[in-house]
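Each of the two complexes below includes chain A, the first together with chain B, the second together with chain C.
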Partner chain A sequence: MAGRARGAAPLRQVDPRARIVSALAFAVVVTGLSTLGALALAMAAALLALGCSGLPAARTLKRMAMMDGFIIFMLLILPFSTPGTPALTLPFGVVATVEGFRLAVEIGLTANAVILMLMALVGTMEPVMLGHALARLRVPRALVHLLLFTVRYIEVLRAEYARSRVAMRARAFRPGSNRHTWVSLGHLIGMMLVRALERSERILQAMKCRGFTGRIPLLDDFSWQATDRRFCALFGLGLLALVALEVALVHLA
Partner chain B sequence: MHIVDGALASPVVIGGAIATAGGIALGLRAMTMERIPAAGVLSAAFFVASLVHVPIGPSSVHLILNGMAGLVLGWAAFPALFVGLLLQAVFFGFGGVTVLGVNTFNIAMPAVIVGLLLGPMIRRGGAHAAFWGGVGGALAIALTTGFVAVCLALSGDQFLPAAKLVFFAHIPIMAVEAVLTAAAVSLAIRVKPELFRAMETQP
Partner chain C sequence: MSILLELEDIQFSYPGQPPVLRGASLGLAAGERVALVGPNGSGKSTLLRIALGLLRPARGTIRAFGETRQREADFVDLRRRIGLVFQDPDDQLFCPTVAEDIAFGPLNLGHSRAEALRMVDQVLDQLALGHLRDRITHHLSGGEKRLVTLATVLVMRPDVLLLDEPTNALDPENEERLLAILQALPQAILLVSHDPGFRARLVQREERLVNGQVSGNSGGT
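And then the complex of A and B:
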């Protein structure tokens, strides 16, 4: 029964493997869509999934907006760099085109719908459960072990980094836009890597001491249930509906 | 630096996924069970390093340090950086799903190139190690932005201005990464030169 949280948000009760595969299928289908109607429906589906995921909606949408901050420049350039029917003319003969606006909206909707669905379906898992589910989905064992080690030590090393920054502040280090700051941070990173390697040597010793034979057992015992079948059927129907709407809209146009 | 879903042409996305699968396979071959703890903890260290914000001019940038990753991890940089990007997409919502292959390739391939080209110079140690570290730090960012620009340009002419913007916006980042990597290399080579052989066969 591991891997399921009873009484939690509906999506969290679905088998992790089904959630991963669904998020992937959603990504592939939605990147293939090009009509704004179908993309809007995909975005609505992602928002619905967010509602059923138990993630704090405000914080998740803020994260998504942060990603949009990175791509906003590219999206803002597109109307002006795409050839086509002029939609609006700015001074100095700069022309924005209808096709360009369409493309920018298309990319924006696709990117946000896919990442939101991923966070709702997969981002709600414990990182360790994600690793175990990937192993059950036949992802190479070495890659899964690497993932499990990475998630285990990110928090440890983040705390170490934070302690180092406190130590630097105690010695009157004030970050600024100058060479001294960059060199100091470089030394800090170098030291972090050295310590990481030394830590890994101790970990290996400890593992060998406990009879490590090169295989990390996966304790999670996933079981496929009626809920999972229902979820997969429903999700599959949803994807079919997206494709049907896309085809219908393309034919109408 | 992250490309999102829906922006690239399908051949670019598929090509990136295949190339990354190949790179990960090569990287995993170098990663025996004995070396998985080292690869895992170092991968976590690079993940944490990528969250470090460095002041530059009026704003700040987050580090990539893929040059350093290549020098330390070699081909294992592929699986290590893939894991980092996967975690960022799933838990932070950065990047995308179908573009995971392209994004990994754009960051990990430059890392591997820097590791293969400059690794020997750095392992020799001495006063020049820091210099070559700096060259590697700048080269990795230059290659990454170049790859990102090529991916965008291959996806359509309308992306050309965005591709140029990406390239020029990263010139100051190149300088920061060069200084940082040089400092990190100069410290590590004195304190623990084995760091640059972490993924090599143990004696």
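And then the complex of A and C:
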């Protein structure tokens, strides 16, 4: 399993472990920022990372906007629910406050900067490579195994589900809002659970046949190189700059 | 010829069901190729699993390589020397890449990474599967999966191969290829297969499993 892709976008050539740790550090620092200046810089850094990640910009930003869908209502309500200086008065005496707008922008910037950096650094990894990198970062073995097994078997389960659905259609099943549909889909899900359980037992047997004792040896060729040191140093400096800007802005205010 | 594997008077039932095996006995000698035939649900796969200690019989003895095997610890080295190829390749291939999956066994046996990778390349060469080395296991075709599962077992250098319906879902071309590989192997083989043509070309002897008991008859050559 190659840890880095030669000739690909610059960020993809960085060791996966460095990318995961950097994304995590970025998330911790950015959630601690509160001045709009520092947050804007963080957002700019995330956009820069996106540029260096080789991800298609338009599609990635669209995915980021999908994440915004989860917090949009909170962002819309915040200006009206936060007490403070009135900024805008709507009919029926609904008042939006300056503090509320500020808070909404702050949360929006934080969330988008973090998710964008995560997609640029970690989202570009193959799931399998992510598993290997997590294992090398000493994430508990059970969690890594869980991730790797999910990667391996989700397609098998999906194919099984698709086959069952085709088999149902072949016998003239048409889903609707009725008892028959719910019972049939219940049977389908129940049967998939039973089959998955039985399959997991067979897999364990097959693993035992090959001497499994609780450890899955992973083959990877991660190697820490000068590029990775440079990346970490640069990333660390960037985080320091964010913190410095934050402190300076707080003192100025 | 020395008897490698001997099952005697095996009784087994799954919880809440009538017994599948009622005193089944079976022996396999070095270099011998035997087919086990019988109707669906007659307990053929169950017998293979019992031979490897994956299921425990209610009664009966399992002797392999001159020793009686009872406890889990007895079966650990037996599982290295007897390789089971499962009916569904998706049960057996669980690692992301082909090389990792084949290396899983050798690494478990305590071989170093470099040794394991050398063994991987060796067995891939032997089966002429070198081109699949770095492929993702769940993207393989049915035939490729079958041949790779054989590789994952052969890399452990077993003395006996147990094959559970190896020709399931293979096209004639892949079936021919599998047959050629198996015919060239020195290992003793116990084959479970519903395919009379395949059996006739691989084994010297057939055993029938009916009503939970094995009754021999010499078929094939």
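Here is the rule we use: the second predicted complex is superposed on the first by the 227 of 253 C-alpha atoms of A that agree within 3 Å, B and C clash if a C-alpha of one lies under 4 Å from a C-alpha of the other, contacts with A are read in each partner's own complex, and residues count from 1 in each chain.
Following the convention adopted for this analysis, a residue touches a chain if its C-beta (ideal position, glycine included) is under 8 Å from a C-beta of that chain, and two chains touch if they have at least 3 such contacts.
Note that this is a predicted model, so its numbers are computed, not measured.
Asker: State whether A:Arg199 touches chain B only (first), chain C only (second), both chains, or neither.
Answerer: The answer is both, since A:Arg199 touches chain B and chain C.
Asker: Just to be sure I read the superposition right, which of the two partners does A:Val151 touch: chain B = first, chain C = second, or both, or neither?
Answerer: Both partners, chain B and chain C.
Asker: According to the stated criteria, A:Met207 is in contact with first (chain B), second (chain C), both, or neither; which is it?
Answerer: Both: A:Met207 reaches chain B and chain C.
Asker: So, does A:Gly190 touch the first partner chain B, the second partner chain C, both, or neither?
Answerer: It touches chain B, and chain C stays clear.
Asker: With both complexes overlaid on chain A, does A:Phe70 touch chain B (first), chain C (second), both or neither?
Answerer: first
Asker: Touch test for A:Leu219: chain B only (first), chain C only (second), both, or neither?
Answerer: Touch status of A:Leu219: second partner only.
Asker: Between chain B (first) and chain C (second), which does A:Gly123 come into contact with in this model arrangement: first, second, both, or neither?
Answerer: A:Gly123: touches chain B, not chain C.
Asker: Tell me which of chain B and chain C touches more residues of chain A.
Answerer: B
Asker: Looking at the overlay, does A:Tyr161 come into contact with chain B only (first), chain C only (second), both, or neither?
Answerer: first
Asker: Which parts of chain A are touched by chain B and by chain C alike?
Answerer: 148-149, 151-153, 156, 199, 203, 207
Asker: Looking at the complex, which residues from chain B come into contact with chain A?
Answerer: Going by the criterion above, the answer is residues 2, 4-7, 13, 24, 28, 31, 33-34, 36-45, 47-49, 51-52, 54-58, 63, 65, 68, 72, 79-80, 82-84, 86-87, 89-98, 157-162, 165, 176, 179-188, 191-192, 194-195, 198.
Asker: State the interface residues of chain A toward chain B in the complex, per the touch definition above.
Answerer: For this pair, the touching residues of chain A are 23-24, 27-28, 30-31, 60, 63-64, 66-67, 70-71, 73-74, 77-78, 80-83, 100, 103, 106-107, 109-111, 114-116, 118-119, 122-123, 127, 130, 140, 142-143, 145-154, 156-158, 161, 175-177, 179, 181-187, 189-194, 196-201, 203-204, 207, 214.
Asker: Once bound in the complex, which stretches of chain A touch chain C?
Answerer: 1, 128, 131, 148-149, 151-153, 155-156, 199, 202-203, 205-213, 215-219
Asker: Okay, in this complex, where on chain C does chain A touch?
Answerer: That would be residues 49, 52, 54, 76, 79-80, 83-84, 86, 88, 90-92, 94-97, 99-100, 103-105, 107-109, 113, 116-117, 136-138, 152-153, 156 of chain C.
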